[in-house]
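The block underneath contains the structure these notes are about, expressed in structure tokens.
Should a chain be cited, it is by its letter among A, B, C, D and E, assigned in written order, with residues numbered from 1 in that chain.
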Amino acid sequence: MKGTLIGLIIAAVGTVVGGFIKGVNPVVLITNVPAILIVIVGGLGATMASFDMKATTNAVKSIMRVVFPKPLPDPAESLEKIVDYANRARHEGILSLESDVAELEDPFMKKALQLAIDGNDPDAVADVMRTDIRTMKARHKVGAEWCTSYGIFAPTFGIIGAVIGLIATLSHLDDPSKLGTGISAAFVATFWGVFIANGIMLPLANRMKNMSAEEVAGREMVMEGVLAIQSGQNPRVIEETLLTYLPPHEALALREARAE
Amino acid sequence: MKGTLIGLIIAAVGTVVGGFIKGVNPVVLITNVPAILIVIVGGLGATMASFDMKATTNAVKSIMRVVFPKPLPDPAESLEKIVDYANRARHEGILSLESDVAELEDPFMKKALQLAIDGNDPDAVADVMRTDIRTMKARHKVGAEWCTSYGIFAPTFGIIGAVIGLIATLSHLDDPSKLGTGISAAFVATFWGVFIANGIMLPLANRMKNMSAEEVAGREMVMEGVLAIQSGQNPRVIEETLLTYLPPHEALALREARAE
Amino acid sequence: MKGTLIGLIIAAVGTVVGGFIKGVNPVVLITNVPAILIVIVGGLGATMASFDMKATTNAVKSIMRVVFPKPLPDPAESLEKIVDYANRARHEGILSLESDVAELEDPFMKKALQLAIDGNDPDAVADVMRTDIRTMKARHKVGAEWCTSYGIFAPTFGIIGAVIGLIATLSHLDDPSKLGTGISAAFVATFWGVFIANGIMLPLANRMKNMSAEEVAGREMVMEGVLAIQSGQNPRVIEETLLTYLPPHEALALREARAE
Amino acid sequence: MKGTLIGLIIAAVGTVVGGFIKGVNPVVLITNVPAILIVIVGGLGATMASFDMKATTNAVKSIMRVVFPKPLPDPAESLEKIVDYANRARHEGILSLESDVAELEDPFMKKALQLAIDGNDPDAVADVMRTDIRTMKARHKVGAEWCTSYGIFAPTFGIIGAVIGLIATLSHLDDPSKLGTGISAAFVATFWGVFIANGIMLPLANRMKNMSAEEVAGREMVMEGVLAIQSGQNPRVIEETLLTYLPPHEALALREARAE
Amino acid sequence: MKGTLIGLIIAAVGTVVGGFIKGVNPVVLITNVPAILIVIVGGLGATMASFDMKATTNAVKSIMRVVFPKPLPDPAESLEKIVDYANRARHEGILSLESDVAELEDPFMKKALQLAIDGNDPDAVADVMRTDIRTMKARHKVGAEWCTSYGIFAPTFGIIGAVIGLIATLSHLDDPSKLGTGISAAFVATFWGVFIANGIMLPLANRMKNMSAEEVAGREMVMEGVLAIQSGQNPRVIEETLLTYLPPHEALALREARAE
């Protein structure tokens, strides 16, 4: 799960060290105020205008969750826990799970089991869990779309920044010695535009989409399991059903372990 | 909801201030008549040719509604109002809602309830409301497509402007001192093309698409609610049904409030 | 409906006047034979190779119909006429429509009603009309695809033209004074490629797609109406059904007029 | 059907003549060995790596069939023939068709009828024909995808060629007089990349997609017809059914001829 | 199946030899440390950040499998083997297959038959095989997406590398003699970006997608066949069913051989 942070660092270090060997001090890039105003602020404005205000706040949170992810509950472990609970609930009643639930770390499974233990109507339990999953999916989707938008706008504002730099430089050719420095500075905007998009925003958007599918599948498995426990299903049948929610290689490993 | 205007202003201010520090007076950009004729007028012509005349008029209105949005009715509030009306209508009859309806601010809910109170056939009420929603959706869609078109054509006319500027400059190299100014002026067209697209039109198109889904969902909830009131349904059942129209996080909040 | 022609003229005038102020005589663009051969003829060849010969002939006709459109029958008017005919046919028999039909301007409605009056089997009438609509849709689709293809190929042949111009210019640097003129001429190909695509072909393709949906909906409404008249349906019911074919804002206007 | 060859020739002649007037001898383009190695061979390698070996052999055949097409059987004629055979088979038995079949030019119709006359089980006949059509469709699809791939890779190898040319030229600036010639030669790679894509491969891919739909529809009509003959259906009903396979304008013409 | 390796070699040799004739020593490209750090390492980082860590490990394995493919079992041969086993199982019982199975080379067919011979429940056998196929599909899909991502990021990091090179070169114009070498070196990053994408990653991604469909179809045929053997179906019926899994031209060949 730490892959995102490691990847972003590799991309940044490769770029900075490569540029440094080439003779470009990163400080030159970071202190180019016009480039940063046009590309980073301008591109941010265009992205903000594309969504409502909440989306921007949520996007920042989504980025944090992708870069510094809380460990997701391991689906194989969740499956085993649920089958275990199902066995217990069948023999000793669902109330016997109360103490274990209190110690659960996965907040979603905890909430779902608690609702079931509290004797809520199964439909009501399902409604709460389903809405919870839908909320999460919607939040992930907006986060990914926001990052994609920034990743699309950034390079175009990079072009705007470069063009403005060229306009400034070329309209004052009195001192040709400044031509090189001027064009050089103009390209800093291009750098920022392409880097923010491809070194940061687009990888984040990709990761958000990939992670969302994983997290949703995990929660759907838990939901299905808790509802099955509540309805008193056979633990073997529950195991069979939940296996289809696992990533295929884990399902295969578990199935074969069982077949032996 | 004001996010669009704020975003557009941030994008414009970032670009203008960044350019200013760089040494490009915004006046130079705005007074470049050929660039403005080719990019803004030319791109507008290509966009107009892509649609019928009404679409262009509607697009202007759509832009106004996105930049200066009237506050949308809060869906959670609408839901509560409808459940409240449903309770009243059940006990005192639908005619008892007449005075409240007169004071409603949401024009869509007002019209729908009025039609129901006036004793119209439920199918006829549904028809009017459904057509109203379809009209709105179609208007939003054309608006978003119009802005997207302009956002696609503008940078290409920016290239046309730049190329024409280069043709003009390079064919008269007698006075090399004018080369810089000429190329500099040619790039102003590129600036306008990329900025109109990415600083204005594409964010507007994005926002229109996002806003439309929200507004349609709100109206569909109201429609469903009014039809349920008219048919005398149980207010609890109505609440359950309408909850599925809410954005998931609000539905979750309401559901949990109720579960306590 | 004239929007297309007006839009194309605005795009062309904006570009030409902008270029003229800039110092580029349009004659220079139009008399650049190599650019025209490579971009306009070359791009046309690539487009022709993408389709069979008939498609190219049809595309020219489609372009004419979009630029100089015959006025489409107004759907609201068609609806009223059909409801009117339905009333008459119900009371005086379908043969009583014969004289009116002879004066109809809309050729599709005329043909459909004539087939019905002539006592053809309703299925046969439907078949002819349906095939007529399918023919029209297919013709529009090929027209739009042809223009889109030209709009995609033109800028690439613009690049070919510019590259050939640069090859020619750069390989003879004996006389540096010709460098400017040579590069300048090379860019004329770029201009033509981008302009033919974005100033002409892509707006035409967009308009064809938008117009087709409109025209098809109009004819489907007429077909449904004529078949309903032939089967002797209640005029009120016919009106209800046909309303769903109208553009939503017109349907809304008519519905509300009726509701009053 | 010859449109493809004519279109390709127009595209090539427009480009070559345009370049010639401009002063670029086509020999210069064709004898630029590095450009040809990088763009044509390199792009071919990338395309070959994208598919298995058979696809490349098939693609060459597909290109031949599109550029020098065998005339497709005219669907209207096929329809008339089938209705004619259906009449005969009904009155004189299916064996009476044997001599006509021997003279048929359309190999697909010939094979299908022969299978039917030989007394094969209708399901078996249908299986053979269906698999034949699927084979053809799959072959066309791979052909079109292969050409599209080459059309996408060619310009990117054109960029590689140009960049390599620029690296070579710019790293030896001792003799500035060679700068022009070097850059000029570098652009030959760009020319080849863009021309192979847009003057050859992409039009071929487009044409393959368009032709495939046509040829498949023709064969499906024949299949349906032969199966109907075998099952002894009424020739009038067969005609009705087959009409729906015709391109709409031909169906319309035939229908109206019949309606008179 | 070796097409991928051959294609990649052709693309690389074409590019290297072309560049060599042009005067670019490949050593210059390979020893350009900044270009390699920015493009290859930077692009790799962005790709890694887009997926979880496992995806990157899997992608390397997927690349190996595509470049050095183990020969896939020939579907026609598998079909014949299965029909042969079905005949034997029908007459001598499924246990009689035990010795043949031990010698099978295709691991998937071996595992499936062994499960059937061991007397497992057919549903359990199907589950294991289906999960095995799903695992393979998922692994192929992630591999192809990973390569596509690298193929999209590489050219953008190529632009970053070139821009950084230009910034470095243009900001030190004291010694104009270094301008050429500087720009030349900057373009090496562009070369690497475009070549890694189009000479390596995108062809690999294409091939993975094409190969996956083929391999999945082969395994699905085997699964269907083994399940049919286990349920004691008629070998003729089994053959009929399995034929629909073959690539159409092979199915056609087999069908026609049989029809004779």
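Simple rule for what comes next: a contact is a pair of C-beta atoms (placed from the backbone, for glycine too) under 8 Å apart; a residue touches a chain by one contact, two chains touch by 3 or more.
From a predicted model like this one, the values you see are computed outputs, not experimental measurements.
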| item | value |
| --- | --- |
| Any chain in contact with subunit B as well as subunit D | C |
| Inter-chain centre distance, subunit D versus subunit E - centres from mean C-alpha coordinates, in Å | 27 |
| Distance from the mean Cα position of subunit D to that of subunit A, given in whole angstrom | 44 |
| Junction residues of subunit C - those touching two or more other chains | 185 |
| Graph class of chain-chain contacts, one of line, ring, star, complete, other | ring |
| Contact footprint of subunit C on subunit B as seen in their complex | 33-38, 40-53, 55-56, 115, 120, 124, 127-128, 131-132, 134-135, 137-139, 149, 153, 156-157, 159-161, 163-173, 185 |
| Subunit E residues within the subunit D interface of the complex | 1-15, 17-19, 21-24, 28, 177, 179-181, 183-185, 187-188, 190-191, 194-195, 197-199, 202-204, 206-207, 210-211, 247-249, 251-252, 255-256, 259 |
